[in-house]
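In the two assemblies presented below, chain A is common to both, partnered first by chain B and then by chain C.
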Partner chain A sequence: MAKGNGDAERVEEVLGERLGRGIIAVGRPQPDTLLVTIEPGTVLAATQALLDDLGARFLVSVGTDRRPISGDFAVTHLFSLDQSHLYVVLECPVASENPEIDSITPLIPGAAWSEREIRDVVGVSTRGHPDPRRLLLPDDWPEGVYPLRRDFPYNERPPAAEGTRPAWVPTPEGASVVTLGPFFPVLEEPSNWRLFVEGETVVGCDYRGFYNHRGVEKLGDSVMTYNEIPYLAERICGICGFIHSTCYCQAVERAAGIEVPRRARYIRTMMLELERIHSHLLWLGIAGHILGFDTVLMQTWRIREPVMWLAEVITGNRKSYGMNTIGGVRRDVTEVTKARILEVLGPVEKESLAVRDAVVGDTTLHMRTKNVGILENAWARQVCVVGPPARGSGVRIDARIDHPYAAYDEVVPRLCAHDEGDIWARVLVRIEELLDSIRLVREAAAGLPDGPIVAEITEEIPSGRIGVSTVEAPRGEAVHYVLTGGDNRPWRWRVRAPTYPNLQAMPAMAAGGNIADIPITLGSLDPCFSCTERMETVDVRSRNVRVYSPAELLAMSRRSGRPGGGS
Partner chain B sequence: MRTIVVVGLAVLNAAIALLLSPLLEGLMRKLKATIHSRIGPPVTQPYLDLLKLLGKEDLRTGRGFLYAAAPALTLGSVLVLATLVPMGAAPPLSFAGDIIVVLYVAAMSAVLVMLTGFGSASPYASVGSSREMMTLLTVEPVMAVALVVGAVKAGTLSTAGILAWQVEHGPSISMVIAGVAFLLALQAQAGKLPFDIPEADQEIMGGSLIEQSGPRLALFRWAMWAKQLVLAFLLVELFVPWPRVGILPFDLMLALVKVSLVLVVVALVDVVNPRLRIDQAMGYYLRVAFSSLAALAFAVIGM
Partner chain C sequence: MWAELAVTTAKVVVVALAMVTTVPIMVWVERRGAAFIQDRLGPNRVGPLGLFQPVIDVVKLIFKEDVTPAAANKGLYYLAPLISLGVAMVTFIVIPFGAGHDVSLFGVPLRGLIVAPDLNVGVLYLLAIGSLSVYGIVLAGWSSNNKYSLLGGLRSSAQLISYELAMTLAVLGVLMATGSLHLSDVVARQSGAVWHWNAVTQVIGFAVFLVAAFAETNRLPFDLAEAETELVAGYHVEYSSMKFACFFMAEYLNMATASALTVTLFFGGGTLPGVTLTGWLGLFVSTAVFVAKMCFFLWLFVWVRWSLPRFRYDQLMQLGWKGLLPLATLNLVWVGIAMTMGWLR
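Moving on, here comes the complex of A and B:
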């Protein structure tokens, strides 16, 4: 674990100077986490100080309903001081009578969605937010019903409301609208982009997503227990599930002060890197497919398949491994499996190199990806983009290096960054990472220490503790925040997938481009909508006056296919 | 007697275009699958696709006679084109201004697809059709220049005349360059990568034909496959007609072998390339058109 040491004192000092008596309390839940509780009125000053004087990077905001404990709400802004390996947790208590707080979005554009989400789910509104539309509630969700409040039961289904659908951004003068989605062939998940185009040139766009809410966070703090949640967490994403379960486990382990055995850390590292290998190969294939280059798709997925089989050998499953548990992992890696890993990686590396050479030398690919979908370094920082899109724009961040977890303090990754900010840079970053991950798995396998694979946990996890954890997913940094509760489950569990900040950079990347470039521009973010959309109970209803029950829909789908067959 | 021969040849050409084109498309798919490390569909799959589509319900999103008749007209125009192209013998239908008619008839199917797209009330179809138009505007000149080179060499606008001249005089620099230009144009005419821009599944979901299904889609598909076969015939017969023995079955088989080779090249280019953007494709074809002017210059000085 990295030590926050001296820098934490500096943060305290700076905030003390800027806020004076605005600081209510300062705590150090972990050596690398600084918890600062401030008067809500000073949130803008505190944010400004963190940005200007300390170079902090915004991670995510969390809204918490603490009324049963302390009678108020809390809005918690999480920051990272990457150079100092330090998390700063800025906690603002918000009175329950008039839940409102100043928006930090004018200072940090990347906080826009977080703050809209807080309004949606706990009902704390933000003053001065430039775009206060609804973000993630279903179109027919009634106003004034906040699903993440503690008095809202997880299985409640509020009656459908009308006229609550958020408006689209008005179409600019002279532009016409081309929609991509909610279902579009190359985007495997629902996502609705409304492109404003003049001819074939895109002049702007608006986004509506969150069609896939599964109520994951609500289940976590109302139904499931600490040790059940890892299996739910890994179902957040079908590709990087292990990342989410690791990130959640680490957050709880950190909150509870559980020391994870070295061997378990190494095994986690191996699995995390194997996931990066198959995820990057998958992405390369999809990127090729988006550009109509199906040979790349077919070949990379063929190369990828043995990695999936390998995961099955190690964990029993090709995806959703069920490996992680609080305090370590559930299955050991035997000598036989270790040999198998090295055996599989050889051909994967050889063939990946061949793909790299083919892709890097393809001039037609250059034509489609160079100087296309450009994300400027300054804007990437402002929107707080993470992962390969950030590193492709010269933002040198990587959670494995900035906040070393698992065994990354001993198995050190290489930071792969390029400065061009175009799609080609993102391609190169991912190819370099793919090859580096193969090296990391080998090193982790070679250095696998002896010992137990899970910590023995004898005491109840105390309530009221916080744990912040970041994991570098293939798509970028995932953040999990846990506030422990009393009944063997978190009081609040917040998941921020990497696509959440990355999608917010899309309008800037799309503007000025060609319609033909939009799919690959979006694809170059490696978006994972299911990761982003982990919230909320959903009712399966149309937004029209007519309400269909699932049984009716099923009957309709069985009748359909003939004219006059559907009702 | 002569009428019977002409009718017989015309029927033969149309039958080749209709019946063999799905097979060649199937072979191209199989080749692509092999390079993808896939098993791929059986080579007869295109026939099965056509059968299945022809048996389906006819759904239309547009109105009007032209919209209703477009699929049949498209396939019909390609069959007319087939009768204007030599396939092992002189072209069954021949006029004084042959190659001009060929160019016009070849453009007809593309224009019909384009109009269908504009008429189908879908933004994707409109984008597809405008891309189709841009492709047509840049690819047609390349084909035109290549054919005109032949006309200059042979001193006639008749396809049969150019063919006869080629058989008699053997290869020349100008005709080789023109043939290469024609081959490059064929890639876009066949709607293959990197020039399948008007369809671009991943961008505009099939473009002009997005709203077409069932029998209408079958006829459009069939027309596309037949057109790539007919144009490949035109390419091999005008630019590489040797050896020529004058016996129809032999010459036809030889031409078929050459056509298959040409389509193999088209499929290979398709499989190793990503899709270009329309502006990039237009720039590419403009450069090809200008380079093929070199062939014209060679032809004028008799090389």
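Moving on, here comes the complex of A and C:
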């Protein structure tokens, strides 16, 4: 992928002009990745230059504890130049005494969570952050204990602390509070939305999430090895797990310079698109359910089922395929399975078209989704929204096209975008993608080249290399960042799920709406909380999780509804 | 005097039991019907075709723990489900299920199985009692001391007030044409031919009435008061066990009443065009016809529920005030003109 060359030089030039001696080093780990190490004091100027002069899109920020190697921390901001097919990695070394760096959130609202997370897990605080509250540590996690620092063992259980619970945003005057969550019928996973309402009109909201920490990243850099992590990665998400294992493998392959055989790339493409098909069908059903239209739910999930069976035929599992490994895939697609794939896709396409016609023609659905939950194009760009919500707001990004991976350079997807920015636009984007995915699977099956399915890896993966990889998940673009280390495992592995930026757009979409619009607005993001909250702490047996006996739970449920106790 | 009392008691028992029996049957129909529409099986484990499922459901509900929130307003909290169920149980006493006014038992005329004395304000009674049901919902919402409940109760009261108006105007058209508040007169007027049915002569009024009836029963697409995906379960979120069952039964009884009312007012009641029978045979046949017509509307309730998404609160209000109300008024104008021109019988 040498396309990015000329543009990479332009980036170097622009940054050179703006920063002068602020640039410490410039590297090219891969042809389409530019690594720029800068003085931490110039981070704002560099960000400004990337945004204004180069039109870069922010992906995610990563905090790394490098003290055992180089005696400092690193805050790494990842950017994408979509038109130039180029990643720009802005690395800022941060001194280990009193680690602090300027916040880029005032320039990029979408960086807010990344920076809060860095403060939480590696303890690098951000100067000038507009909302420096704790983001993802548990409420009783003590201050000053940073789980992703290298000196924090993965199985450490810090003592429970008092008074560390982050405050809620103050309720606006004249508004009252209605909470959605932490458990709520339409949310398959815990997530706590505090809605400020005047009557039934929502005037604002606050969010507290990250109830699903499973220590994925910590396990990745302390317990598991390179080739074990794909199986952990695909358990990040219960629906689109394959994208995470693919994205992780690609990041390592890129960091280590491993060339994946064409056949493996095609097989990955097929699996990725099959996953998109069943995920979008699932979403369509859930959207119907949220609007009180359960028949759509039942029908789409019925259509979806053969796709799950197909995945079982190909991989041995309905979910968590266990297909990916560093350097390729573990199971081949035989001629028999190929025929089976084409056989199953026929009825799936026919029935999907029927559902599309039914949904598109339903005027009540139009009433509920048109001009509801609007995400303006400009704000979508600022919050760095990805996936169908971005494309529904006219932001024409798609990782499959912007940074072609797997076999997407030969099996070219169609970019499905609409400009309205409302829920209906997101529905249309997903339906179009669903049908396009069926085409892509067929094309990938037809064009499946011969050859090996996994690259032979003879040398140890060198340490200190970085690999950035993006994969267009059904929910949007997932980003995995890997910094290789010793002991056959990454030094740092950062996962950014698509819901992570998308949830940050929720307050803007909710404001001005009706309470009845909130579930479908949230649903239209296709939120995946377990993806978003992969994160890094403590096992479930820690002191922070108490085990309640049935009798205690019963007593608690009887006490609920006490005056002043929640809603 | 004693004979009259005995006959009335018998009528009360028979009709009340029949109405209450529709609840488990409808629960079964709803679940199997939903499954049919959604291309799945539905309950099929308990008894043939899952027919005993409702029985098991009832047993389950009885044995569920009855939880009362500590902060609830106890009196109103207990009263609310009773109001809902009570109102649902007394509305149908003025409905003439059958024809056969010439039939009498022990010298007491049966008068088409109307339970109550044939009130000369039958229609008014129905509308008045029917609109009381909102108290059950509002009080449940208020007394539970829960925001979801409160929002559900508020939505429901706004909804009922809006739709009561359209519904009454639609009924007014029928009353103008009939010239009587007796429901048996309304039925008698529609006998003879299908084009005498008010559903034919007052199509707009019929449509308005039907939509309003759906809204009154708080069912999808108008189930804003409970709206599972928005308000958890709305006004009955804090109710469990038999108190919840009261609301549940009330919903299905209201469906039955609304169906019976639609049949009476717009579909010719128990009359079958072209068939005139008298005596006991007439009573049985007309009652069967009435039940058959009612079943059609009950099925319609199920059918619609699983075929439409939920409306939003403000959209429902708009439909009520900007859509149904003008249409109902238009219907009145039409009836007036038709009567003046002598087009209506």
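We take it that the second predicted complex is superposed on the first by the 535 of 567 C-alpha atoms of A that agree within 3 Å, B and C clash if a C-alpha of one lies under 4 Å from a C-alpha of the other, contacts with A are read in each partner's own complex, and residues count from 1 in each chain.
As a working rule, a contact is a pair of C-beta atoms (placed from the backbone, for glycine too) under 8 Å apart; a residue touches a chain by one contact, two chains touch by 3 or more.
Since we're looking at a predicted model, the values are computed, not measured.
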item: Touching partner for A:D409 - first (chain B), second (chain C), both, neither; value: neither
item: Partner chain in contact with A:E460 - chain B first, chain C second, else both or neither; value: neither
item: Touched partner set for A:E162, first chain B, second chain C, both or neither; value: neither
item: First (chain B), second (chain C), both or neither touched by A:G288; value: both
item: Touching partner for A:V178 - first (chain B), second (chain C), both, neither; value: both
item: First, second, both or neither for A:R302, with chain B first and chain C second; value: both
item: Partner chain(s) touched by A:D487 [first = chain B, second = chain C, both, neither]; value: neither
item: Chain B/chain C common contact set on chain A; value: 176, 178, 184-186, 200, 288-295, 298-299, 302, 362, 364-365, 367-368, 514-519, 563
item: Partner chain C, residues of chain A touching it in the complex; value: 176, 178, 184-186, 200, 288-295, 298-299, 302, 362, 364-365, 367-368, 514-519, 557-563, 565, 567
item: Of chain C, residues touching chain A in the complex; value: 34, 37-40, 67, 69-72, 144-148, 151, 155, 220-221, 223-224, 227-232, 238, 306-315
item: Chain B residues within the chain A interface of the complex; value: 32, 35-38, 57, 123-124, 127, 130, 193-194, 196-197, 200-205, 271-280
item: Touching residues on chain A, where the partner in the complex is chain B; value: 176-179, 184-186, 200, 288-295, 298-299, 302, 362, 364-365, 367-368, 514-519, 563
